[in-house]
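Consider the two complexes below, in which chain A is the common component and chain B and chain C are the respective partners.
So, the complex of A and B:
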């Protein structure tokens, strides 16, 4: 019943969008009426999504999608998140997110009605494309032709709180760019002046903040769930999310810097189209199952072709409009050796090169397989040795960019910076000789600390420190950069100075980890509602009274006959101690312990960046 | 700005779409990597018969004849599913040489399996330690290879073959 209801709402919503799309040429609506229809279609789409969710909650196995992906003895939260834990539901979530963005955009006040209407019509167009995709190739409301009492279960790897929220947040990031895309295209059509830039800035900041959160959640999930001890694997799907993130970063910076220069405006339009194109491209790569990764769902060529067509239409349309309606008249840029504009231009170029490098590495296996019928995989070594060196000059520039002047080559307080940099270099150099020396480690630490230091110098010497909202808005760019610096330190330490210890242990054995004695207490197996768990229980630092308990092990999910690994992580502010329980051999358990220094700095840095993103939204 | 520069994104888009489309249309499955051995010579092997350890088969023995090589085991249940198809094949194509490799199986159980379900193979070679399968790049059982008269691997299939696979993919090559 709820399935029928959901399907009908979806159809009605699509119908309304068709109506709106053609209304531009046939019926001319009052803008109030227009907004009403946009909101109605958004609500209908959401209704459709919630009907599917309802079917999941009540375990309505007469719905084929629920039958395929759910099971009645699953905790409620995973019944809910199961809604988007599969291809069809996930696409419906995509469409719903698009609707939510259109809905909120329809309330925007400070732009002309005509412009707003055009933007929303482009949104309607996108809505139509994706809802046709859902209705014809990925309908989540199909009726189950057999009568069953039980479903087949959700992939256990997705039964995790982090994964329950990761897709919606990530989608909010991806699809938020649709608004920016529509605004840019509408801007090209109407040849409007600068007012749309402010609106675009707000939306691109919102999208970027969501995207940051979504990527970080996914990354954190990979860290504790996959049990490989790392948090970034250059998996194709990770790369796909990183591309719009970097392009979005370039976009946000350009929007902040633009002072009416035509060249930068043109560049902003280009980036706006690029960001959303990359988002749709990402959706295509994941949903078509064309690349193997942890995210691979069942591949189906017809779906792949359909969504490739959508990607082609959206991107082709975007860039074609850009080609035909490019903003006229260029006044030249005020480029000096080192001023704000030139720093911005250099940074943007670097970011685009990085994006293209990632793009090349991600699609290279497809090209090679088509041409030579050979399977190759492009992974960490390629990306680490190309993307990171490209980004380094950008990071260097970033530390001083906020205090550069618009008009001159002068850097205010340049002596302070030089002194700070020299002292810092010496400190880092000394530190690296006393610990272990590693060139990349040295570069990473120096960069991270330098960005933080330079930002602090800039805050202290350029503004009066006051604790008002306005002050935090003004120093916001520096705060964002401090976040990046902290994240760089975390990334450098955890990836370069990671240590790995391997043990073969019996229950009751004691072993030494980083100077602390650890007791391997016992192996315990328990039965939970939807899985059986096997846990190795460890007691960390037994010589102290307050020793800490760590549990590492595996879960076995009988419904889908899968085993997932559950790492045991002891978080400390300066390091994570990461326990992985391996297999049993000759009555001994293989235990791997990783010491990841300063991992928490990565998450802290990300949180600061997101905070800054939100603050920037509030500032005009 | 120069039009060529603005055209670049469209050109890149076109290239990406063409490659992706070719990939999708060629029916490639990312979970099933292409065999590195396709259109290459048969790996060199030597195996004794399941029924008579003195009877040996070598790569040279299958020269100049079309051969269908099938890796199977008594413990592999999908193998049971495809098993009857081999009788059909041997009846329909008597000139095709059917070579079965019994993979990591105790001899007694392999014999019992072929007794119960029948033996469609012209020769059953023993691959007790799995070395021959390793040479062929076998991923999992069952796996089937078609070798042409020139000793080249022209077809490879992972998993149980079905009537569809037989009709659409193997028969055109026979």
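So, the complex of A and C:
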């Protein structure tokens, strides 16, 4: 019943969008009436999404999608997240997110009515494309032809709180760029003033913040769930989310130039189209199955080709309008060596090179497989030795960029910075000689600390420190960069100075981790509602009274016959102690312990960046 | 000019850093070399996991082979060629620098050169 209801709402919403897009009278509508239609279609789309969710919650197995992807003994949260834990549902989530963005955009006040209408009509166009895709190739409301009273279950890997909320947040980021895309296109059509740049800036900041959160959630999930001890693997799926993120970062920084009255509109429009294109392209790569193998793509090509078509329509339409309605040539850039404008331009160039390199590395195996029918891998080492060196000059520039001047190439207080840099270099060098020396480690630490130090010098010497909202708005760019610095330190330490200890243990054994005694208490197996768990129980630091418990092990999910690993992590502010329980051999358990220094800094840095993103939204 | 002074100091520090770090880079033992090499190899039975990180049977076998060959005095290149003959190029996370992959490896640096060129042309050299 709910499925029928959901399907009908979806159809109605699509109908409204067809009407909005194709009716010739629509531009003559009063804006109130127009907004009413937009909001109605958004609500209908959401209704459709919630009726699918309802079907999941009540385990309505007469819905084929629920039958395929759910099971009645799952906990409620995974029934809910099961809604988007599959292809059809996630596409409906995609469409609903698009509607939500249109809905909120329809409330924007400070722009012209005609411009707003045009933007929303382009949103309608996108809505039509994706809803046709859902209706014809990925309908989540199909009726199950056989009568069953149990479902096939959700992929156990997805049964995790981190991964339950990861897709909606990530999608909010991806699809937020649809608004930026629509604004940019509308801006090209109605080339009146630069007001739209400010609106675009706000929405691109919102999307970027969501995207940051989504990526961070995904990598945090990979960190504790995959049990490999790392948090970024240059997996194609990760790369796909990183591309619009970097392009979006370039966009946000370009939009900063608007404030310096150096609008480079052409480039901004280009980036806006690029961001959304990359989002759609990412969806195509993930959803078509082409990443696992060209052959699995060919096996069921209808979906893949449909999304590819959407991608070409969106990108083609975007860039065509871009070429035909090219923005008027804005005043030439005031590029000096080195002022704020040239620093921003160089950073933009570097970011785009990084994005394109990631793009090439991600699709290169596909190209080679199609051309030579040979499989190759392009993995972490490739990206580490191309993308990271490309970004390093950008990071260096970033440390001083906020204090550069727009007009001249003078740096205020340059002596202070030089002095700070020299003292810092000596300190880092001494530290690395006494502890552990590693070239990349040295570079990373130096960069991270330098960015933080330079930002702090800049804040202290350029502004009066006050604790008002306005002050935090002004120093916001510095705060964002401090976040990046902290994240760089975390990334460097956790990836380069990671130590690994291997043990073969019996229950009751004591062993030494980083100078602390750890007791391997026992192996326990328990039956949970939807899985069986095997846990090695450890007591960390037994010589102290308040020793900490750590559990590491595996889960077995009988419904889908899968084993997942569950790492045991002891979080401390300066390091994570990461336990992995291996297999049993000759009555001994293999236990791997990783010491990851300063992992928490990565998440702290990300949180600071997101905070900054939000603060930047509030500032004009 | 104050700023040029600043950048000169910056360059000097970076250069001296690079010099010091290259001197120390040469020292590595066998385990370290096994780690560095297996980090760049794909575990064929896992999903996007390196042989070093994986505890699958396949990975443990390869780790043993790599260590043995390194002790025999084989170079890293020899070992890679041996593994590619056996399992195909798919095993290498770092693609070979061969004819097929010229584009892959040169692309970022071509872009970088273009970018640099663009900036150099556009930047005004005259002092303000």
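The definition used in the following text is that the second predicted complex is superposed on the first by the 602 of 620 C-alpha atoms of A that agree within 3 Å, B and C clash if a C-alpha of one lies under 4 Å from a C-alpha of the other, contacts with A are read in each partner's own complex, and residues count from 1 in each chain.
By definition in this document, a residue touches a chain if its C-beta (ideal position, glycine included) is under 8 Å from a C-beta of that chain, and two chains touch if they have at least 3 such contacts.
These figures come from a predicted structure and were not determined experimentally.
With both complexes placed on chain A, chain A has more residues touched by C than by the other of chain B and chain C.
When the two structures are aligned on the shared chain, A:465 is found in touch with neither chain B nor chain C. When the two structures are aligned on the shared chain, A:76 is found in touch with neither chain B nor chain C.
Contacts of A:338 after superposition: chain C is touched, whereas chain B is not reached. Of the two partner chains placed around the shared chain by superposition, neither chain B nor chain C is touched by A:529.
Look at A:374: by the touch rule set out above, it reaches both chain B and chain C. In the superposition on chain A, A:326 makes contact with chain B only, while chain C stays out of contact range. Using the contact criterion defined above for the overlaid structures, shared-chain residue A:146 touches neither chain B nor chain C, since it reaches no partner.
Across the superposed pair, chain B and chain C both touch chain A at residues 374-375.
Taken in their complex, chain C has these residues touching chain A: 2-3, 5-6, 9-10, 13, 17, 20-22, 24-25, 39-40, 42, 48-50, 53-55, 88-95, 100-101, 104-105, 107-108, 111-112, 115, 118-119, 122-125, 127-128. Across the complex, chain B meets chain A through its residues 1, 3, 6-7, 9-10, 13, 16-17, 19-31, 33-34, 36, 38. Considering their complex, residues 266, 270, 273-274, 277, 281, 284, 288-292, 296, 299, 301, 304-305, 308, 311-312, 315-316, 319-320, 322-323, 326, 330, 363, 366-367, 369-370, 373-375 of chain A touch chain B.
The touching residues of chain A, counted against chain C in their complex, run 228-230, 233, 235-236, 333-338, 342, 345-346, 349-350, 353, 356-357, 360-361, 364, 368, 372, 374-382, 385-387, 390, 407-411, 414-415, 417-418, 421-422, 425, 429, 437, 439, 442-443, 446, 582-583, 590, 592.
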